[in-house]
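Below you'll find the structures, each written out as structure tokens.
Common to both upcoming complexes is chain A, partnered first by chain B, then by chain C.
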Partner chain A sequence: MGVLIRVVAIALLMLPAFAGAQPRPSFIAQPGRVVAAALPSSLLAERDVHRQLGSGLTTTFILVARQRDTDRRGAARIEIRFDLWDEVWLVRKIEFDGKEERQRIASRELLDTWWRAPVRLFAAAADRVALSVTLTVLPFSVAEGEDARQWMSKSGGVAVPDGGSPLIAALIGTALSAKPIRSYRWSADVAFR
Partner chain B sequence: MSRSRSIAVLVLAFAAATLLFWLVLHEMSGLWLDVALRPEVRQALERSLEDQKRLRALDPAHRDDYRRHFDATSKLLHRLDVIRMNREQMLRRFELTLVTIFAIVAAIAAMSVWMRYRRAQSLERRQYLDRVAVLQETARRHAHEMKGPLTAAGLELERAGDIVRRGASEAEIAAALDSVGDELEQLSRFTRQNASFAAIGSPVLREVSLGEMIEEFCATFANAWPSVALRFSGGDAVVCADRDMLRQVLVNLCTNSHRAIEGSGEVTFAIARRGTRVALDVSDTGGGIAESLRARVFDPYVTTRKMGEGMGLGLSISRKIMLDHGGDLQLLGTSPDGTTFRLTFGENECS
Partner chain C sequence: MFRMLFIATIAFSALAQDAAPARFLIERIEVRNAHRVSPELVISETLLREGGEYSEEELSAASARLSRLPFLVSADFALEKGSDRGRHVLVINVAETKPFFFLVDARPILHEDDGPSRFEYADDDLGSQSKDAALGFRWFAGRRGIVHVGVISRNARHAFMSDYSALAVGYTQYDLFGTRAFATVNIRLPFGRSPKGTVSPEVVAGIPLTTNQTLTLEYEDTHFRNDTQRILDTDIPRRDAERVLSFTWTYNSTNDPFAPTRGTIVRISPLRAMRDRSSFRFSGPIPGAVPVPYANHINGNGIDLLASRYWELSERNALSAGVLAGWANVSDESTATRGIDDVHWRPAYQVLRAGYSRNLWDGDSKNGDSRLELDVRVVARQLNFEHRIGYGQDEQNALQGAVSWVRRSAWGMLRLGAGYAWGY
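So, the complex of A and B:
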């Protein structure tokens, strides 16, 4: 019993250390009661994320902010694809209000700089909001998944006139999906003056 | 259905399910799913990408060509990456598909076996009841056919006894005994009919000129049924038949026609060729056969006659004779205007 208590106590003491290990963005109050998130570079350096960024597939980051105790929500989306031919980073950012930004970034350092720029993700209705924010990292885009599905359903890339068997297409269609490689959840209290 | 047949059905169903799943797996991915996972494939594709980039530097004039090759290769690499990331999910889906297909096929097979078993049971019950019904009807008819003459003969004997005791004349006694004799003759006829049905012999087939035989039959039996005119529409064909047995068939048919014709009418014989076979159509102008009897018209003891007027064996005997000839006797058609039976002859060689 004594041993169990000691183990639980040590785990409780180490909890802040584990919590500190998870990357955490800064949540910024912007004019117009807009909440923005500045994502840390360490998030891109996470092993799974780092490996996926170099694959040439479009790594997609989906940020969703929910105001606690209400159904208000906002979302933003960031897509990063490394162009293997030109060796540049093609990035796209869509903020909560639909504002879109596309860029070609020449180096990893510049990508980190661009990444850290605040992403606007929520419009608050009051001077103070308590948010629950989730970040989901998907390994490829919907278009890339669909392309692979179509290719697979055509007998491994050999095009057939009728587009392959409907049964096979249905099986692949329901089996191929972008499962998150990482996901994070944060809480944030943001006050506007 | 026998147990071995049920097992065979289940084995076949299982084999079909296995084959079906194999086809699905083969068509869907088979090799490709595993190719996506082989590191050397990925390495080869990555090397190819590097090569295209190096060639771009060495030969800038063909930069666009290298770009096209590069794009095609990188697209393939990306597709394989997407598939690799979903491999477990896809395999799970295949397994689920396998189980579902097996379950469906097994359920269908089990249902089919059960339904066949139930159908066989039901058929067996129905056949048993049919057999019992035929035996009941036979017993009833036999009892009635025998009861009538026996009762009548008994009464006649009592009457003859009274006459003898009264001291009647010899003529009166002889008349009473004749009556008893008549009843006993009816019993004897009944026994003979049954015996002839039980002992239909095998036909001795010889070449018979059908036209000649029908003409002769019409002439011989012209007065056998006074209200019926026998007509032959002509023609000829040589068949292998037992002349005496064939005549018996024609007599039976004409006897039935005679009973079906009210007033006067006719029976017509027509020879026809049906492919390589010879047919003889026998048509009458009688009132036809009731619809309820048509399906059973060749069954023994099926008759519209009253008890004591016939056993309903004529058509049964006739069909048996024609089947023994390698042919058949069929009811071609019947209506209130008449009935036609068709005799077909087999292609047997004459003895």
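So, the complex of A and C:
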């Protein structure tokens, strides 16, 4: 009986740890009322994500932020592929306004550092914003069908962070048919001072 | 100066290489975790060839094609280093379905219209690859063959074709002569509404044109009855048989064979059905009447069109919309007794559908799926089958709503639900 009580007590103590096991990013208020997300390295270590990163094929991360009670939204896309022969990480990041960054990263440690850098994903219209943020992890690259830069050139380089933006459609990759590997959902309240 | 230029050229070249979509030279394809299905069969169904160079888009399409196969629950792709720089081994990790399989779609729809209320079962061929219900076992034979035994149930949309259930045993050969084509031979025995059914062959042959497009040719020769009945010292031959020849072009980019949430399916299928029936009728009032044999022969030509599109709004929610339509040309070739009026190419049915589905499955999606589905349809049916040998051309229109739960697992697909249809 005593053993049972101890097991139950330990389980209850461990419960918050399990409940909080899902990785959570930090949401950062940046100048120009821009919301950025700093993603934790632990997300790359999640079993399914880690396995896909080691596949030699692209792993695509799609971040979508929706402002609660409105249809405003922003999105960002990150692609990571490990080149098996050069043994470098080929990474690509496209932020909510179409700003693109490509890099070749030499080690996993440097990849973690690059990954933790804030990703700009939403432009707020007020000094305080409540967001629902989803992160979807997908196998394969979604860039080939509808490239964000093509959309940018078609829309004259103007990125509108609202629900109807073709840039957002491109970032999310609407033509994709692959099943998501993992998905995460967070809430965030961000205040600009 | 030259050195700097050289370094700049190399750096520019590397950047340009990174910006271009990557292509991978696949020197070998390896299938892992395949216990029952043969690796050769999986490889042939990817439509990829060893020695070929492929983009991620092409590999993604091949992966999606495998995930639509009824005997795989999932197929994950990964690359490994090959024998030399720039060469790769494509590793496909598969999760197989069980040898026992089922495909059950049980959704009674209560119809309320001018006549008495009645139940009909929904025949959901808007998204599924097959409109047949099935239950049985599947064994992999050799490197590219599958033997199956089971019960199938066909629910035909065209009025001049028959609904029936049958016991079936069949064999499918994939990658015929190294062409990626496949052929299935089925031997069926109709039962249920056709208790006197006799051995009925079926042949299906198909060839994938691309990872998303397939051409299929199908021939069914179904014998619902073939015997002789002795009535008042007269031997009456009683036959009821149907031959159906159909040719189908399918475009399918969906992500699941039974409950898709993304992609498009378009199917165009011209067909010809020939129905023969011989029986008897009494020559006059009973008693005193004598049985008089008669024979019917009905030729039906039809074209079926299906177009359905699925949008994944989020991880959990998906929307879909679709249209299903058929046209028919039916002629009664009977000599003695004409049972029907000829029908010259006219719409036979139209279905407009809108759907919403929500994922209820919190587990690993590679282990299947569980979804709640809401479905609204506008159904217009212009040709109706009456008494098995005649046609009515009165229109039956209905607005139909249904709610169902669908579960796909390694064992098969189960869809349970109920619906209501308002006639107008």
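As a working rule, the second predicted complex is superposed on the first by the 139 of 193 C-alpha atoms of A that agree within 3 Å, B and C clash if a C-alpha of one lies under 4 Å from a C-alpha of the other, contacts with A are read in each partner's own complex, and residues count from 1 in each chain.
Operating definition for what follows: a residue touches a chain if its C-beta (ideal position, glycine included) is under 8 Å from a C-beta of that chain, and two chains touch if they have at least 3 such contacts.
Here the structure is a predicted model, which means the values were calculated and not measured.
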{"item": "A:P180 touches, of chain B and chain C: first, second, both or neither?", "value": "second"}
{"item": "Contacts of A:P139 with chain B and chain C, given as first, second, both or neither", "value": "both"}
{"item": "Partner chain(s) touched by A:L90 [first = chain B, second = chain C, both, neither]", "value": "second"}
{"item": "Partner chain(s) touched by A:K99 [first = chain B, second = chain C, both, neither]", "value": "neither"}
{"item": "Touched partner set for A:R68, first chain B, second chain C, both or neither", "value": "neither"}
{"item": "Contacts of A:L57 with chain B and chain C, given as first, second, both or neither", "value": "both"}
{"item": "First, second, both or neither for A:R81, with chain B first and chain C second", "value": "second"}
{"item": "Footprint overlap on chain A, comparing chain B with chain C", "value": "55-57, 84-85, 139-140, 144-145, 176-179"}
{"item": "Chain A-facing residues of chain B, complex", "value": "24, 27-29, 31-32, 49, 53, 67, 70-71, 74-79, 81-83, 85-86, 89-90, 92-94, 97"}
{"item": "Chain C - residues contacting chain A, complex", "value": "14-15, 18-19, 21-22, 55-57, 59-61, 63-64, 67, 74, 76-81, 85-86, 88, 253-255, 262-263, 314-315, 364-366"}
{"item": "Residues of chain A touching chain C in the complex", "value": "48, 54-58, 81, 84-85, 90, 102, 104, 134, 136, 139-141, 143-145, 176-180, 183, 185"}
{"item": "Chain B partner contacts - residues on chain A that touch it in the complex", "value": "55-57, 84-85, 139-140, 144-145, 147-148, 151-152, 155-157, 165, 167-168, 171-172, 174-179"}
